[in-house]
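The two complexes that follow have chain A in common; it is paired with chain B in the first and with chain C in the second.
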Partner chain A sequence: MKKRNPWLQTLFWVIISFLTLFPIYWLFVISVKPAVDLFSTPDIILRGAYWQNYVDVWTDRTLRGYMLNSLIISSGNALLCTTLGFFACYALTRFNLGGKESIFFWTITNRMAPPAVFLLPLFLLMTQVYRIGDFTLLDTRFGMIMVYCTFNLPFAIWTLRPTLDGIPRELDEAAYVDGASSWKVISEVVFPLCRPGLAVTLILTWVFAWNEYLLAATLTNFNARTLTTGLSEYVTTTGTEWGIMAAISVFTLIPALIVFTMVQRHIVAGLTFGAVKG
Partner chain B sequence: MRSNRLGWWLLSPTLLVLFLFGAVPFFYVLWLAFHQWNPFATNPDIIYNGAENFRRLVFDTAFLNSLGVTVAFVVFAVLTELVIGYMLARAFMRDFPGKAIFRTIHTLPLIMAPIIVGSIWKLMTTPSIGIIPHLLDEWFGYDLNIGQSALAAFTITVIMDVWHWTPLVTLTLIAALVSLPADPFEQAQIDGANKRQIFWHITLPMIAPAVVATVFIRLMDALRTVDEVLMLTGGGPGSATRYLGVHIFKEVFPKTNYGYGSAISVIVLYLTIVVCWLLYVGMLAPRNKK
Partner chain C sequence: MKIAFRTGASALALCLAAGFAGAQDMTIENQDWWQEAGAKFEGVTLRGVTESTPPSNFVGDVLAPKFEELTGIRVEVETTSWDQMYDKAIKDMEAGTGIYDMVYIEQDIVYAYLARDFLVNTTKALAEKSELKAPGYDEANFTTFADNFRGAEDGDLYGIPMEAFIKIYLYRTDLFGDADIQAAFKEQTGRDLAPATTHKEYAEIAQFFTAYGEENDMDLWGTTAQAHTGHPASWYEFFESVAPTYGVFDWGINPGENYGASVENGGEMNSDAAKEALTWWLSMRDIAPPESVQSTWTEVATTFAAGRVAQGLVYGENAAWIAADETKSRVVGNVGVALPPLQEGVMAAAEAGGGYIGYYDGGAFGLPATSKNQDAALLFLQFMALPEVQEQWAMASRITLDSTYDTPMVKELDEELGGYFTMMKDQGYLFKGAPEYPFHRQVLEATAPTFYSILTGDTPVSEGLDKMAAEAEAELKTLGYRE
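Moving on, here comes the complex of A and B:
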């Protein structure tokens, strides 16, 4: 193949990166503008920052509560989905269970449903049927942790499958021959080999739960409201508080960005269920 | 062989959770789909009305329109993502200064919350404050108004989706291209094949499974898009961007038409599963068994 000038390619990627980053940059620009400046001529270059929107968001106790809810719900859900997904996937890849391909596909159909499909039934079930004593699941952190399993648990199973398929069965068989218990085989042979896959699954399910909006908007009121839902409270019929909205968006973005850069290299296998090796 | 009982025990918590939060709600929707129920109407009872909801669906122009715009949206968005994603993946195959940094930057939109992506594009395109209408007006004298022009609103939702998801396509295609063997390409060059021939006869067939896998993932997610569009256009103007997810949401909540909304949900879910199942069985399952 003919050689191209590497610096020309770098220039090409600078342009692509500009297109990718510009919307994020613009979000930041809006977040550091006082409301009165929004309607004057938009200026591409930032001149002076006005941090009041961030101070407002940070000192707002309600929003801080939402942030805590988001943290608890997404962490709880990611842990639960990764744990259950790991055991389920171990069972599906290691045992001769009847109809295992069908079970496999059935799990993912739960993720295919447009979220709006489940809004009403979950709302009704959570108020009427899924109660624990006097305690309904509606508007609770525990309820949201469970609800997010609908789309995150299938994802965890599908993401972990290539990892578990990749571990030779002979390895666990050998441990059994040596007299290890099932628990020992799982915890001391399979689990350590799965760690990279489990880390990716944990982080991606965490990001998905953190990013979810529609279900949280319908199934929570105040006690379990999440940060993404807080966002829409600033788009009202009487007008939108653009600056505050942008500042909340930036707050929501930061944790996802941090965890994402940690697994960036492994993300392909995770997002495509290992159908394409990264 | 160890007893399968342990296998079922390990699987049971997952099956239980998915049953309670996936299957039960689904059967509830299925049951409601055969009833008429609007709790805030003059007659708030749940009345069995057979297949009436489904019969109405076939002739409902609002639903058919929503189905049509959804298909258009998915086709335009996924095709554009494939083409741009492939070109970028090819560009990434070469070495150049700063490659690692550019790769990270390019993947950033992937992990952004759909609702935030919607907000960002709303900030950029809302007529009085947005930068895009402002620049278009200044440079070309073109008046972009996504609140009034159906075509503009549709285009912006497609561009938003392309911005959000092209990185995924790029990443998967890089992974596919990296794993290609070199021999067929060298052979083809010796035989004097030109670039286009190499692409159609060698590259494309060899990366086809990866392309199908990518389309499967993108299709599944594009069909269920709600938050982004709801935030950006709210389904408007008129019903230009009222994609199925948005349509169901609007039918179920503001209109509280629970029975009819459920019927739409059932059909949409059914269509999605059929399309994905065909793709999965036809192209992906044989590969996974290898």
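Moving on, here comes the complex of A and C:
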């Protein structure tokens, strides 16, 4: 076998890293520039750091509230979708349900239409679903967790399907022969083997919910506003606050980076799970 | 910069950027009345939606807490982007959900709202409920800008103005006042360098500075242009700001001639004057900074503040921060204001009330008919229009009450802005808001694609304006205006 040139390999990865990381670098450069420099000296070299944008973001209570909403909504939705997706997939892969292929296909149809199609119906639905008295699901974290199921649950089901398909049914049957209950089979046999797939699903649904803008912009007002919609406050008639927006964007990257780093091992395993199943 | 002015200008930056407790310095007269009036609305929270602008942030950060302190009525203001603001407000009023008790309305959309009975007649409501009429609130104190929010038939007010400014001609006093530049200009053109009063002069100055910037390796051009090739801002720049200076008013649509837009049907959208205006504007666009083809209403101001142009038409709401805020502007202390350049006869038409010379922009807070807290909202709307809260608020280049012009901070800022407020006070009547058309958005959307095609050079000016006039008439016919 021909030996690869290490210099070329290094150069290749340097170029790939540069292309991948450059947008993040540029975002960071913008976040540490004062507004007055953004247009008058639009170079991309970092010349000193102006941290005030970060201070402004960090000391803004409203923004902290948006971040908390984003964390609660995306985490709640990711957990809900992954849990429901797991049980839905378990039922559809393990039991002989009539028309299960059609059910699988039907779940994905929710992702075929653009999200804007759902906006008005969801808006009207959320204003009519009452919890207590005059309070509706509109502009609530719980409401947003439910709304994001519209597109995240189908995704979870389809992501988990190859994972569950890849676990031999013989393992379930062996456990049943040993006297295990259905719950024991699920929790002690299937669930541990599904962890990589569950991690991938959890992370990706979390990221989708964390980044979502359109639905949040329409269905939240004062109480459940998320960080992505909060960004729109900085697009003003007297100028766009690029520095502040960039600082917020850097903040929004941090939780995602932390979570990805923590479960990176599972993501790789999950994405390749069942890939060689015959 | 003068210390007094620096203090005044800084007040705005502080109170807007850091949630400044300016409310504590604001003395509200008739406090007992407000306390008594508010007592009836215990536990009520008013909610409003508005575009994220300095005046709107002032409402949320300064006026709302002060109002709550006085009356006990809580006010929450949701600030968002322009498109989201309209989307949310219209959805709420259409569906009747009653989320909002106040919605920001610009004077270009108010006629559409009135046509759909979205808004409460505040004049009538206050006349019927005299117990809610606040001492100090006086409709007669509003500037002429309030006329944009009056019903066509009853003349009553359907929106309480909260920001207003004229679109003015800004120029760099440091460049215009430089002896070497003045000499070079005189040598080249044979006349003194001074703010232009005609389009020819404006073009001469623009060409001179663009060439000067190039020769001296400077990031300097002769003019700004709000000329985005795919955003309505460019359409507005032409029809609101440029076409009127050529005598083409109300977008060239003639209501008196069955809403004709084409010359053939009594309109002016494709008139010779309109074609001349667009040709001139495009020639200016072509020597403006490269970002101009992507500039909307805000980027023009940013370009000016970055010191990249010598002159330009800029929305007045930006005048204060461009002239005073050193954290955002490189031309602090070097900003002069003038009236836009005009064709012969336009000023006379404007003075006679038969036309206008530029755009009077701004907005108001309207009270949705779907609001569940209309009485409490009426109180807050009046509170916003009290003379005693206006002085600090005016630091964002916005004035809605005649009495505000005479306050000390405004006078200080006026001096530093080269007489911007004086111009608004004395010559504001020469400017006009959007035409009183409820079909505003529809006509814009019908004609904008062709307009963008002109901007990209795919369609010639004359052919394009002919097409736009036909498109406008077709849309108006579909809407039932042309019979």
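To be clear about the criterion, the second predicted complex is superposed on the first by the 251 of 278 C-alpha atoms of A that agree within 3 Å, B and C clash if a C-alpha of one lies under 4 Å from a C-alpha of the other, contacts with A are read in each partner's own complex, and residues count from 1 in each chain.
The working rule: a contact is a pair of C-beta atoms (placed from the backbone, for glycine too) under 8 Å apart; a residue touches a chain by one contact, two chains touch by 3 or more.
Values in this document were obtained by computation on a predicted structure and should not be read as measured data.
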Task = Based on the superposed arrangement, let me know which partner A:221 touches: chain B (first), chain C (second), both, or neither?
result = second
Inquiry  = Just checking: does A:199 make contact with chain B only, chain C only, both, or neither of them? Give me first, second, both or neither.
reply    = neither
Request  = Scan A:232 for contacts with chain B and chain C and give back first, second, both or neither.
outcome  = both
Ask   = After lining up the shared chain so the two structures overlap, which partner does A:167 touch, if you call chain B first and chain C second: first, second, both or neither?
value = neither
Task = Look at A:94 in the shared chain and tell me whether it touches chain B only, chain C only, both, or neither; answer first, second, both or neither.
result = first
Task = Mind working out whether A:116 is in touch with chain B, chain C, both or neither, as first, second, both or neither?
result = first
Query = Touch check for A:124: first (chain B), second (chain C), both, or neither?
reply = both
Task = Check whether A:189 is in contact with chain B, with chain C, with both or with neither, and answer first, second, both or neither.
result = neither
Remark   = Intersected contact list for chain A, partners chain B and chain C 39, 120, 124, 218, 232, 235
Task = Could you pull out which chain B residues touch chain A in their complex?
result = 1-2, 4, 6-11, 13-15, 17-18, 20-22, 24-26, 28-29, 32, 88, 91, 94-99, 102, 104-116, 119-121, 123-124, 128-131, 134, 163, 167-168, 171-172, 174-176, 179, 209-210, 213-214, 216-217, 220, 223-224, 226-227, 230-231, 244-246, 248-249, 252-253, 258, 261-262, 265, 268-269, 272-273, 276-277, 280, 284-285, 287-288
Task = Sort out for me which residues of chain C touch chain A in the complex.
result = 17, 47, 49, 51-54, 76, 78-82, 84, 87-88, 91, 95, 97, 99, 219, 297-298, 301-303, 305-308, 315, 317-318, 321, 326-330, 396
Inquiry  = For the complex, give me every residue of chain A touching chain B.
reply    = 4, 6-7, 9-10, 12-13, 16-17, 19-21, 23-24, 26-27, 30, 38-39, 41-42, 44, 84-85, 87-88, 90-92, 94-97, 101, 103, 105-122, 124-125, 130, 146-147, 149-150, 153-154, 157, 176, 182, 207, 210-214, 218, 228, 231-232, 235, 242, 245-246, 249, 252-253, 256-257, 260-261, 264, 267-268, 271-273, 275-278
Query = In their shared complex, at which residues does chain A touch chain C?
reply = 34-36, 39-40, 56, 120, 123-124, 127, 138-139, 217-218, 221-222, 225, 229, 232-240
